[in-house]
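Labels for the chains are A, B, C and D, by order of writing; each one numbers its residues from 1.
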Amino acid sequence: MRTDPDVFLMGEDVSGGAGCDGEDDAFGGAFGQYKGLVKEFGRERIIDTPITESAFIGAAGGAAATGMRPIVDLMFVDFIGVCFDQIFNQMAKFRYMFGGKSRCPAVIRFSAGGGFSAAGQHSQAMYQVMTSFPGLKVVVPSNAYDAKGLLLSAIQDDDPVLFFEPKVLYQETAEVPDEMYTIPFGQANFVREGDDVTVVAFGQMVPKAAAAIDALAAEGISCDLIDPRTTSPLDEAAILESVRATGRLVVVDEAPPRCGLTADIAGLAADKAFSSLKGPIKQVCAPHSPTPFSPELEAAYIPNADKITAAIKATLA
Amino acid sequence: MRTDPDVFLMGEDVSGGAGCDGEDDAFGGAFGQYKGLVKEFGRERIIDTPITESAFIGAAGGAAATGMRPIVDLMFVDFIGVCFDQIFNQMAKFRYMFGGKSRCPAVIRFSAGGGFSAAGQHSQAMYQVMTSFPGLKVVVPSNAYDAKGLLLSAIQDDDPVLFFEPKVLYQETAEVPDEMYTIPFGQANFVREGDDVTVVAFGQMVPKAAAAIDALAAEGISCDLIDPRTTSPLDEAAILESVRATGRLVVVDEAPPRCGLTADIAGLAADKAFSSLKGPIKQVCAPHSPTPFSPELEAAYIPNADKITAAIKATLA
Amino acid sequence: MSISKESLLHAYRTMKTIREFEERVHAEIMNGQIPGFTHLYTGQEANAVGVCAHLDESDTIISTHRGHGHCIAKGADVSGMMKELFGSSEGLCKGKGGSMHVADIDKGILGANGIVAGGPPISVGSALAAKIRKNGKVAVSFSGDGSVNQGTCFEAMNMAVVLQVPAVFVIENNYYSEHTHIDYAVGCNDLKARTEAFGFPVFVADGADFFAVHEAAGKAIAHARAGNGPAGVFAEQGRYHGHFVGDPQAYRGEGELENLRENHDPLKVFRQHMATSGELSEGELDAIDAEVMAEIEQSVVDAKAAARPTPEQVTADVYIQYGATA
Amino acid sequence: MSISKESLLHAYRTMKTIREFEERVHAEIMNGQIPGFTHLYTGQEANAVGVCAHLDESDTIISTHRGHGHCIAKGADVSGMMKELFGSSEGLCKGKGGSMHVADIDKGILGANGIVAGGPPISVGSALAAKIRKNGKVAVSFSGDGSVNQGTCFEAMNMAVVLQVPAVFVIENNYYSEHTHIDYAVGCNDLKARTEAFGFPVFVADGADFFAVHEAAGKAIAHARAGNGPAGVFAEQGRYHGHFVGDPQAYRGEGELENLRENHDPLKVFRQHMATSGELSEGELDAIDAEVMAEIEQSVVDAKAAARPTPEQVTADVYIQYGATA
């Protein structure tokens, strides 16, 4: 934002306290991510909105189509239902429907996923749903370092980018470099390298998969762990290369099973790496139900290291 | 509707002409599906609404939760973006979030899919997206006979049912029995039976797949053609049984490739029928782009018999 | 409109129950006993109770993310609610919903709702059912001052007028949506007028005063019940706690909260009325206080002792006839 | 406000161009030459032209499913539009958009839109960009009488007031949304008042009269351009053809259409004004008619001869840098 006057931030309570008598920088986003920004950039570029997602997400599309680079915050991705049209039918399709003559460099940030006992309407992943729409780019970082580099890429990108922040990862504090760096879209990260099984995991599943894999090392099982970082574009080449080498694949995501990313990657491998496959492709995901509230239920719902371990072993059986 | 006073129909112009000076039964739905109903049941049970999808889809949820059996018409499924929350976050989740104490017997009808040169915002399939949400049942008939039997099942079902009518199939006229019959959900139809390859196809892809398969018979290739009829619940057993017998699978759908039904079925087989597989699982679907307007482009976009034929042969290569 | 002694006792008891329920929930959250996101109704009790006083079990309400007060006012079982908030499988929603989704369909409670303005369209559907069945029932939706800027809310209001259904829209102005003031978020400066422009009457009340709400809501509900189409209630009242538990509320002006607690406390206001009218004695009110405290204490004891859900329950109750896929 | 002769000529030419474009499109659809769903603007020409007379290329408009008239009024290339409707790769959108998505960003045309009320939020974003850049531009959205009941439209209006952006909401009342009458769909009986209740002025005009629209739109656009926040225009006018091409219009009252065509034809009304004021002669207007007819004829000839898209083009222009996956 310091370097590009076209960038601005908009959303409900991104600074907070608009129209109030108290302190100006009272809030700074539902997870405090934007704290301090309004002091630096003022209310002209850090714009609080009413609760009116269709209007401000749509406005981001309109501002982007007319030359700005808006970043908008939807707080919880679960709220996408009230502004869905503006994302999948408008922003996503401008460029194509208008014959390539427009660009729409908007970034929409969402917190996503479970782990907070926030129940059915505040715990969804949803990036698997958004991955299905051509015209959108979809980013799902699994750690703070990547998040920064991917966010800077997102802001510079000329297409609409949906940026999903697994909300349990806000709790982590990690050192990130102060300087500006970008991580390109469509480039997977090899979090672990190994020979026996390829594990592909998304978002908050990446550290869980890493834990499972690290424990399995003691049993002499070594795995590739691939974090695609962006689901659209997807680094198909990295995944296929690994599967061709290991012959075995486990895909892990926290979303429910139907028409999700685990099936997406499994389908990819079952076609393009078929001849290398040595065992069934296993998918680890949530069951086919909404996210439950109770911590015990949620713990049983979200995939954990045990389930990942079991799946890895099942491919070797 | 004749037998159950709790059933009513609601939507934009489901009768048409509300508030107008002209004839009462002037319209009857965007494809004329409801012609005549308002004459029989009156405006109390055939309810025209303003253009206000969130309100009337939400109202269907509310009426269903309080004992009615609404049928609502969204015209084109592409309009789902303006009322998406009411479907995936409200109706779909009432039962679960409320601890099983509610029921929501609402049916939402949509026309879906391409083939009309209706471009990016009036040609989407979308049933693959809705299949991903637990709590919703999703129906995609491929012919008039099934449509009637599945619709009657939908109306009797106590969960929210999304009923997708591939719009090119409206053009077909077919004889359907006058009497009432139901087709249960989760029961696939074997449209063709064969030994070499299993083909699973959805909606308007079923007749195209059948044409491809019939032509291949001359080359001595015989295929099972499975029409799941409902994508949620899905008749996994039928698909797996067939794949275990043939060892080869082609999945055909008109939606774009990412996180869709073709991947969903491929992923299922790559896990649970792995040991029977003799060749790569092929997916035939639209490319990763919005639906184009121009007939030539749309013809190149929507899968056709040639592409299905090529995929079937590729599994045998 | 004179209110029977029994109704007065019930109203006070209900307001006090809400207050103590919320304060105790607050304390238990601070203790780490209640998981998830919770929004408290403290300070707004008169509104829920004043409205629900006109409803019976087969009328429906639909609530918001700040739903405990509405549910208690409509007759939800307090112990079942506390168990739900603790995540027990004996909770009102078997531990699946939590604070943002407490519901009891049998009591006409269509649920708290985690989506701002998710409720009004659903409520219009309940009102439509009442109209089709001609059973004289009404459907009430509660909306915050922030939620009324949401498209779903406007749509529901217009459609209720078009279909002439007995829907009552109760707008609770506690001045804030999260940390943003109504004066900012509602562009026009007259929310009542903007609402009335949709074509139905809106009755205004001091939302800290049970009697004022009772009167305004009485008019609105009577209007709807009589088949005259929708009506609205617009009431101002303070929210004592932050938007969510833990919110430091730095956005508030100096002395604002103190003034609310001092001069706009529904319980105090009610007691003042009683002191003037003499309808209920201090002793009677004190006795209720004691009973309520005991009931809430017991509900927490029970909630802590209640059964915890087991993993198999995750996939139960997704569908009615159909088991889970995974 | 007096209008220069040049502007009058331009206005008449543009209205006539829209009329003949639409009538010819109608004929070509009947001939099976134009695929897809098409909605015609015939009868409403004065509105688009009266509004766009106040805009230059860097102001933006966003249109509806009934978008040809707005695009032509804002300066879209007629031949490129005709090619687009015929599905040619030389069309304004390379044959990818068709009638419901004609757009020309360089001319400030953010597109027709297949989603009712999809446009107003986007337009507010364009207005916000103008406000942030302080460039004095305005953003105009067109909305039908049916679309104003959509939540997105209400949200856009409120947010435009909150952010005080130069957004102009033009409401075109042609009495029908598809086959439903405005008197049914707009619950309150005063759409102007309901709109003004959001907190901005709305100027009313006879939408069949270019001069009336010109005046009302002039006020609204001046208001917005001056930094006073949003404004509205509300204009009534007839839609001659059905909702879509082929609609039998049985829902209309007897004589309704005849009356529209006879007494509320924007072209006739314009000519009557000219006959009275003498500013343009019949001969001048007839000459324009002839030129327009020739231009439209040529556009069809060109469209029929224009290049057809090839299959590889399907996956072009999905993203800027990233090629398609499949």
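FYI, a contact is a pair of C-beta atoms (placed from the backbone, for glycine too) under 8 Å apart; a residue touches a chain by one contact, two chains touch by 3 or more.
All figures in this text were calculated on a predicted structure; none of them were measured in a lab.
Shared contact partners of subunit A and subunit D, listed by label: B, C.
The chain with its CA mean position farthest from that of subunit C is D.
Centre-to-centre spacing of subunit C and subunit D amounts to 45 Å, using the average Cα coordinate of each chain. A separation of 35 Å divides the Cα centre of subunit A from that of subunit C. One simple way to say how far apart two chains are is to compare their mean CA positions; for subunit A and subunit B this gives 29 Å. With touch defined as above, residues shared between interfaces to two or more other chains in subunit C number as follows: 93, 95-97, 101, 113-115, 149-152, 155, 158-159, 162, 184-187, 318, 324-325.
Shared contact sites, meaning residues of subunit A that touch two or more other chains, fall at 50, 52, 54-55, 78-79, 81-82, 85-86, 89, 96-97, 119-121, 134-135, 232, 234, 256, 258, 287-290, 292-293. Shown here, the protein chains touch in all possible pairs.
Put simply, subunit B touches subunit A in their complex at residues 54, 78-82, 84-89, 92-93, 96-97, 119-121, 128-129, 131-135, 232, 234, 255-256, 258-264, 266-272, 274-275, 277, 279-283, 288-290, 292-293. Every residue of subunit B that touches subunit D in the complex is listed here, in rising order: 12-13, 16-23, 26-27, 48, 50-55, 78-79, 81-82, 116-122, 256-258, 285-290, 292-297, 300-301. Remark: subunit A residues 8, 44-45, 47, 49-50, 52, 54-68, 70, 85-86, 89-90, 94-103, 134-135, 137, 157-159, 185-186, 232-234, 236 touch subunit D in the complex. On the subunit C side of its complex with subunit B, the touching residues are 60, 62, 91-97, 101, 103-106, 110-111, 113-115, 118, 120-130, 132-133, 139, 151-152, 155-156, 158-159, 162-163, 316-322, 324-325. Interface of subunit C with subunit D (complex): residues 149-155, 157-162, 184-190, 193-194, 196-199.
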